[in-house]
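Below is a structure I'd like to ask you about.
Chains: A, B, C and D, in written order; residue numbering restarts at 1 for each.
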Amino acid sequence: MSRWNNDYNHGAHPAVLEAFIKTNQESYGGYGLDEWCERAAEKIKTHLGSTDADIHFMVGGTQVNYTVIAAALRPYQGVISADSGHIHVHETGAVEHTGHKIHVVKGENGKLSAASVEAEAENYRTSGVKEHITQPKMVYISFPTEYGTLYSKKELEEISAVCRKYGLYLMIDGARMGYGLGAKVNDLKLSDLAALADVFYIGGTKCGAMMGEAVVITNNELKDNFRSYMKQNGGMLAKGWTLGLQFYTLFENDLYFEITGRADKYAMEIREAFEKKGIDFYIDSPTNQQFVLLSEEQMRKLEKKHIFEYQFPEGDRHCVRFCTSWSTKPEDVEELKADILAL
Amino acid sequence: MSRWNNDYNHGAHPAVLEAFIKTNQESYGGYGLDEWCERAAEKIKTHLGSTDADIHFMVGGTQVNYTVIAAALRPYQGVISADSGHIHVHETGAVEHTGHKIHVVKGENGKLSAASVEAEAENYRTSGVKEHITQPKMVYISFPTEYGTLYSKKELEEISAVCRKYGLYLMIDGARMGYGLGAKVNDLKLSDLAALADVFYIGGTKCGAMMGEAVVITNNELKDNFRSYMKQNGGMLAKGWTLGLQFYTLFENDLYFEITGRADKYAMEIREAFEKKGIDFYIDSPTNQQFVLLSEEQMRKLEKKHIFEYQFPEGDRHCVRFCTSWSTKPEDVEELKADILAL
Amino acid sequence: MSRWNNDYNHGAHPAVLEAFIKTNQESYGGYGLDEWCERAAEKIKTHLGSTDADIHFMVGGTQVNYTVIAAALRPYQGVISADSGHIHVHETGAVEHTGHKIHVVKGENGKLSAASVEAEAENYRTSGVKEHITQPKMVYISFPTEYGTLYSKKELEEISAVCRKYGLYLMIDGARMGYGLGAKVNDLKLSDLAALADVFYIGGTKCGAMMGEAVVITNNELKDNFRSYMKQNGGMLAKGWTLGLQFYTLFENDLYFEITGRADKYAMEIREAFEKKGIDFYIDSPTNQQFVLLSEEQMRKLEKKHIFEYQFPEGDRHCVRFCTSWSTKPEDVEELKADILAL
Amino acid sequence: MSRWNNDYNHGAHPAVLEAFIKTNQESYGGYGLDEWCERAAEKIKTHLGSTDADIHFMVGGTQVNYTVIAAALRPYQGVISADSGHIHVHETGAVEHTGHKIHVVKGENGKLSAASVEAEAENYRTSGVKEHITQPKMVYISFPTEYGTLYSKKELEEISAVCRKYGLYLMIDGARMGYGLGAKVNDLKLSDLAALADVFYIGGTKCGAMMGEAVVITNNELKDNFRSYMKQNGGMLAKGWTLGLQFYTLFENDLYFEITGRADKYAMEIREAFEKKGIDFYIDSPTNQQFVLLSEEQMRKLEKKHIFEYQFPEGDRHCVRFCTSWSTKPEDVEELKADILAL
């Protein structure tokens, strides 16, 4: 059985384990104040086109999302998210738990549009009863989205422009950042994100690390005492250097981009196989997550040899998810393709 | 100019003021532990068909809503509300501020249906990732709704049955309770609400009192230490007897029902006037709030002599709200009707 | 039986009731946007020596305290309070409920000293692990304190100077403000408080109003969107003008100062009676609250005709509280004095 | 230079790294639903004397502390802690951030006594104004304490008895659990903790793991939906098996006890060296943390070759901390001892 159910079912890229082994005899300062965090931050900054960002390493995505949002917002302010946004649907209300409303906007293909953001902002701006409603002050988007889709550079520029016009912070959830950057159709780079967003994170957990996310804060207003928020929200790892070390390893020779780009390529091959069989997709994704519509029979056949994730029934078919990842092996891809073509 | 913009623009029913004057030389115990709160609770209980409820007097509706909700829910639980629910749209995110997600459901005429509640509950019950999502544990409805519409006894019984099936608490926001109970088409009584809901409140602020809401808790699970929640949430009035006294006065000779029923009657007369002129309604309301669709010209004419509340543009017309209340004077109703008919 | 147990056991000063009656036929804008709130604010400003303050009317003290504190602090910041501070001991953890730590400092006679505040601030300033501890950012004091004691102008200037040196906000809980200002030994005026504090409130509930507190914000940083915080925290009264009207009435001809000053005078007479009998005080209070140490026998005798508040046993004596207030009648004072002298 | 500054400055015990390497080709279920978490829980249960506990693996101690506390308490309830308790002094107000007050009690040698806990509980039980104060509902202690001291079995039994008498939950912070259990004077076992406490955790981060804490919940009331709290509080690791795997490895052949017991032994040797030189201790600790009072000259000499942690000045001496840990090497101990004796 090979696992395609998600992109976090394997430990860590061998280079990461190697780094653990090499440094295990050394001792380091605690809580992220160490040379590996510094070096990793330096490496990441070479991709940002600026040395002005603050970079912090945290353990997981939910933790990053609510910590960043709670640090950025005042109690009467909220965050705009697509209805498929991870903070809205899969984080056990963590954002509301910090006291903040999510302004839920119907997304298209998992994405917000500049127009929908502007509509929310205008709604507040023109309200005659501002003190009775929450103020949207941040926009949360995912790159890639929860459906694997991508914002184009143009789309992100438009959203960013609306954010600046209305004084909204733009936050990008990059849990799968590598798979977004590595997609063939993608025209965004980390330096674009740094220029267009106020804060984003580069996912490690799903992109080669054992655990860890690199939070990049470019807006000075959001930098203030961020480490206090990390500690208060349980997101400051005692042995913080283990996070820095992983990101250093992944960014040392662009390993991060290599392994996620390869996963995207595999995903496209699998997608092609489905297309050849005339099998439809729930959504058109250019990244490592593929949402496929299978008949009952097709699903039963494939699940004999492959583990994938059930999503929901869609008419008389079933929407299921196939994920590739940095750990996907070429022979498994070949086998899956063959099994698809044999459906 | 006569004010129809809302139902809280006058002080208090003369009988309430009279009660203040009569008792002003007396001294009382603080924080709601006094004879007037007791006597008011007894009066209210005669309408509940049970002496088993806990009754607390608080100052305002937003305060009641978030205090009751926060007292009832554990941190990972949320409350289901219609998209027009007051807690969702007009309380500055107070519920989220207490840490809880609102499960927003598209309402019909401002109402939830049993089916829509069941769908939310089923969604959680059947979820394979329960720990990643919030658990809907309470249902919040308003009677009358924010649009002035009413649940029928049958509808409320159905919703209550779903709540009991899934272990959800049913909470009824009764900020305008009197206007609901007094409507001609209404077939619910306070005793029905006591039997079908777990907690509800009887609005005073909009129904004859200077301020105050009577919270009725019928479910024992929700009674525990409620006064601690009141104090912690700023909802325990030092001179609590002034609230009890008002409710005692309003319920002494069914004054509450008399003055709100009369307001409903006036609203129906005004409604009839609009109907006679062929003027449409945004929604079909049998209570003291009437949402009318006026042309620009009609609006301009009426606003010369009448203050009403602008809602939003609706095509080339304008949705505006006319409210009657316990303080509405018959001569003002006559004048408004005449002005409508003269449009 | 006459009640000396607290200063909130009577309704409202007759002039306040009179104002309710006079305006009861009028209609007003809601939520504190009305002419009475404006006029009351103007009246109060004449005492501040500045027209630059923001003034808001809220219903009760606990509500004011946690709303102001939560509005002022970021999540990692806390508030310094004496161990006898009301927010620490009698508000059901409302401040912590908003997410903030109270930095508790041992008080002297219920008061903080500039030195103790500076020690807390220095502790943070010199900490090498700032992100592991909360930042004290506000100082909360009560005037008069919970024990009836007062800060002198010199003491307040010193505390204010430390606050400014370390960037701490100074907040003054003035639930009994009138009794502080009216004390014979007091050398502070509202204009001093306005100059030395960043935010304070003028208590109405205990000083002649039926309910209500006037929040005075002098620091621009704390003014931003305060009405949103009020609404979110259940502190925005629908019929806000009833609060403004009360404060207007109390400040119109300095009635506020007259009635609280008189209560202080009565308290001093009662105190003198105790002194004459050689009865000790738990604390030396120049205001309307007197904390007296009675023997069992003395207590039993007095409680036959007088209601006062038991505090705690103190050796073989009992500490009890006698309060005068705006509603205290001279004949009751005479009777109490006689009963004390007859002990 | 050898590091004695803390017990979390090295990566992981070699056996843990070995386990990472061995399993790195495997794929596992996410979020702690995997065979390693199961097997680790089974291993731990063999020490508990009961199979009835719920065991969850989380990443760090602060996260565990506030998540457990917030899951156990209702909003008006608080937790009792010694004034040296980690939750009070070093977690950036994380507990208050979840809305709960810490009832701070002066500790003795970093410990609470049964009497001091009972005094807090009695204070609430006998209060006449319960709704104005927070209810202590949980007791938080650390084993070993932040000063390295230990509760004896008798002391813990007494505290547990008081907790049961008053319905308080007993929580034990076991960040350094191994060093407590391994101390020569210790007479407590994990099975005692399981019997006497309602919830505790077994520290991994400081005791051989790269990261991770094992939360053991024995009280059924605290088990309910704990995974929802974990997720909401950012404490559910995507690759949860990496935590289970570490604990399995550490508990497989009692490695955990071996490596922490050895660290305690080294600490006692170092302590003896200080004693031989007549150097005093700030506190008498039988575990891996030693708080030593050095003269300026002694401190300067030792810091040439050793890294230790400065605590605070104590008269004309300096309190500093020396920690041993699972990673301490015998040759470093010998060298330190020699350097101490050469002072």
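Assume contacts are C-beta pairs under 8 Å (C-beta built on N, C-alpha and C of every residue); 3 or more make two chains touch, one makes a residue touch a chain.
Composition by chain, UniProt nomenclature: A, B, C, D = Amino acid lyase.
Just so it is clear, the model here is predicted, and its values are computed rather than measured.
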Count the C-beta contact pairs for C-D and for B-C, then tell me which is higher. B-C
Chain separated most widely from subunit D (Amino acid lyase), comparing mean CA positions: B
Whole-Å distance, C-alpha centre of subunit A (Amino acid lyase) to that of subunit C (Amino acid lyase), is 50
How many angstrom between the C-alpha centroids of subunit C (Amino acid lyase) and subunit B (Amino acid lyase)? 34
Chain centre separation (subunit C (Amino acid lyase), subunit D (Amino acid lyase); CA means) in Å: 42
If I count partner chains per residue in subunit D (Amino acid lyase), which residues reach a count of at least 2? 75-76, 91-93, 97, 99, 131-132, 228, 231-232, 236
Considering only the defined contacts, which subunit D (Amino acid lyase) positions touch subunit C (Amino acid lyase) in the complex? 75-76, 78, 89-93, 96-102, 104, 129, 131-134
What residues of subunit B (Amino acid lyase) sit close enough to touch subunit C (Amino acid lyase) in their complex? 3, 6, 8-12, 14, 17, 20-21, 23-30, 59-63, 66-67, 91-94, 97, 205-206, 210-211, 228, 231-239, 242, 327
Footprint of subunit C (Amino acid lyase) on subunit A (Amino acid lyase) - complex, ascending: 31, 70-71, 74-76, 99, 130-132, 135, 225, 227-232, 236
